[in-house]
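Please see the structure below; I have some questions.
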Amino acid sequence: MKIVGINGSLRQGSYTAKALNAAADRVRGLGVEVEILDLRTMTLPFCNGEDAYPDYRDVDKLRATVKSADGLILATPEYHGSVSGVLKNALDLMSFEHLSGKVAGLVSVLGGQSNNNALNDLRIIVRWVHGWVIPEQVAIGQAWKAFDEQGKLLDEKLSQRFDQFAESLVQNTRKLRS
Amino acid sequence: MKIVGINGSLRQGSYTAKALNAAADRVRGLGVEVEILDLRTMTLPFCNGEDAYPDYRDVDKLRATVKSADGLILATPEYHGSVSGVLKNALDLMSFEHLSGKVAGLVSVLGGQSNNNALNDLRIIVRWVHGWVIPEQVAIGQAWKAFDEQGKLLDEKLSQRFDQFAESLVQNTRKLRS
Amino acid sequence: MKIVGINGSLRQGSYTAKALNAAADRVRGLGVEVEILDLRTMTLPFCNGEDAYPDYRDVDKLRATVKSADGLILATPEYHGSVSGVLKNALDLMSFEHLSGKVAGLVSVLGGQSNNNALNDLRIIVRWVHGWVIPEQVAIGQAWKAFDEQGKLLDEKLSQRFDQFAESLVQNTRKLRS
Amino acid sequence: MKIVGINGSLRQGSYTAKALNAAADRVRGLGVEVEILDLRTMTLPFCNGEDAYPDYRDVDKLRATVKSADGLILATPEYHGSVSGVLKNALDLMSFEHLSGKVAGLVSVLGGQSNNNALNDLRIIVRWVHGWVIPEQVAIGQAWKAFDEQGKLLDEKLSQRFDQFAESLVQNTRKLRS
């Protein structure tokens, strides 16, 4: 079983990346392989509706890596009450053959008060490509005070939500992909 | 009064661009200036959460043009049950100072059956930045058979919906911006 | 100009009713008439898709009162991540002739952390019947500690949001209904 | 394994009931027990936020039946671009103890063109109570021409979508509830 996590923020010192790592660490702690696709380290084009992007080898990497996954962790900053365009564009570059049947867990990160807008939109998007989304999800409000310098979650309750998130993702990916 | 239309599709021969033109022509027919921002002809970066993008003069153009507008036409292909990442990213590059208080009309274009998913998400996004969205909206299903070779709408009812869309956008932008 | 407020909670001591009153008081303070429809004091049937409900005079009252309004305040508890069934059913009992063209402001009340789910759904619902929704909206989290015994808002910032909500509703209803 | 289907329409000759039956028949054809809760034959109160409704024995029936289920079929007419108030109210009468962990399949019925608004809202609602929703869903547009006099689906493609819906519901309820 393999989980692929996508960081949908390009911000330096991204809290979304930290949140994704928090989730990935817990999944690994359950004995499951996690591969991270950090969009900050990939060169992707804007989706133009075409299938092929010959100048962008990272499109192939994105597609092959996601296709190889059983489960996904999609982590996004909430920008303007929805998913980041960066993450949505990465999803737009993929299709049913890469995304259908995958089991996704969703994480969002906000500067202000916690909200589910980005997670709701992501949930509908993943369904659109016939993926599953686990009920457990995490929206981190006021993300600037959520992590310590080592990227650890400071709030115990929030940390427990990540535990439950990882357990559900692993357990249910196993069930649904069996 | 000035309306700015944004084409959120990078596809060659984009039906979204055609739909945007159909709306823009009707707005111009009502005596109102329309400026089109075609993202195919602009070089924009992926939003990294920073304010400044010194290497991308088109960010300034995008922001200044939208800021100068009273009303907006946002046209998007529906990709994976939501707004295109391309359009969302362009919106992410802007902020309250550019978008707040604008009056937007929404148009979406689909290859398959008509659906409101992208329009619903856009409606919530525009509100998030304290914009208005007119109730009239158009989702064009099976867009490949909607236009003739000159880009005219073939279906009379659909054409009338665009008429009403343009009338509402002009009339209500005038009211709300007075 | 007339504003009609609907309380979508049947709970005794409803915080939704208090929130609606907070909004209504501010609208009245701007010199505008407000009529409250408190669903606790009305006897409405479940909507069965029919036009006529001869045994329920309150259906006529609901419809006539809303039809007479220029603007609406829709106040709902957030139940299960959406509008209360009680409020949705009241809206289902009405149609375009009552709701179309009205200018609505939305308020939600939650026991737990603030969230926009109910407000987002309401926004799409109001658009569906060709109503307007003002960008300003209020979601009150942990409503049990939001009000004093006289029903006044304890938090100054929240109180100011209600001020802005009322001002926007009055000002923009005037503009849009002119 | 047991599936419970809820008909969220009170309309006489309800197409929603027909659609629910179409789904239930297919589930039964796969050897799985289905119990139908037809809200037309139950006397439920409007939810007032209380736990107990001593005058309404059907509240107990609703709760016990749903609690006994492994999976759910939620069928709703799309009213005003969302779930019927009737169905939402029935869901409001239940809580985590009845709904959490269930595996739901969603069906909607529209008089006009097909749309996913009600299904999207239901998907978020079911997640809110920590239920699962299968990716397969069916929105029946122009429902008045979808069924023959015996309640059979006239369109072969639509019928196949119901086949896939039932197969996914049964197969994945089995997996997730194991």
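Each chain carries a letter (A, B, C and D) given by its place in the written order, and its residues are counted from 1.
What we mean here is this: a residue touches a chain if its C-beta (ideal position, glycine included) is under 8 Å from a C-beta of that chain, and two chains touch if they have at least 3 such contacts.
No experiment lies behind these values; they were computed from the predicted model shown.
Compared on C-beta pairs in contact, A-C and A-D come out with A-D as the pair having more.
Distances between chain centres, each the mean of the C-alpha atoms, put D farthest from subunit B. Chain geometry summary: the mean Cα position of subunit A and that of subunit D are 30 Å apart.
Between subunit A and subunit C the centroid-to-centroid distance comes to 36 Å (mean Cα coordinates, whole Å).
Touching two or more other chains at once are residues 81, 117, 120, 124, 127 of subunit D.
Put simply, subunit C touches subunit A in their complex at residues 81, 113-117, 120.
Residue ranges on subunit A touching subunit B, taken from their complex, read 9-12, 14, 39, 46-50, 77, 79-92, 117, 121, 124-125, 127-129. By the touch criterion given at the top, residues 120, 123-124, 127, 130-137, 172, 175-176, 178 of subunit A touch subunit D in their complex.
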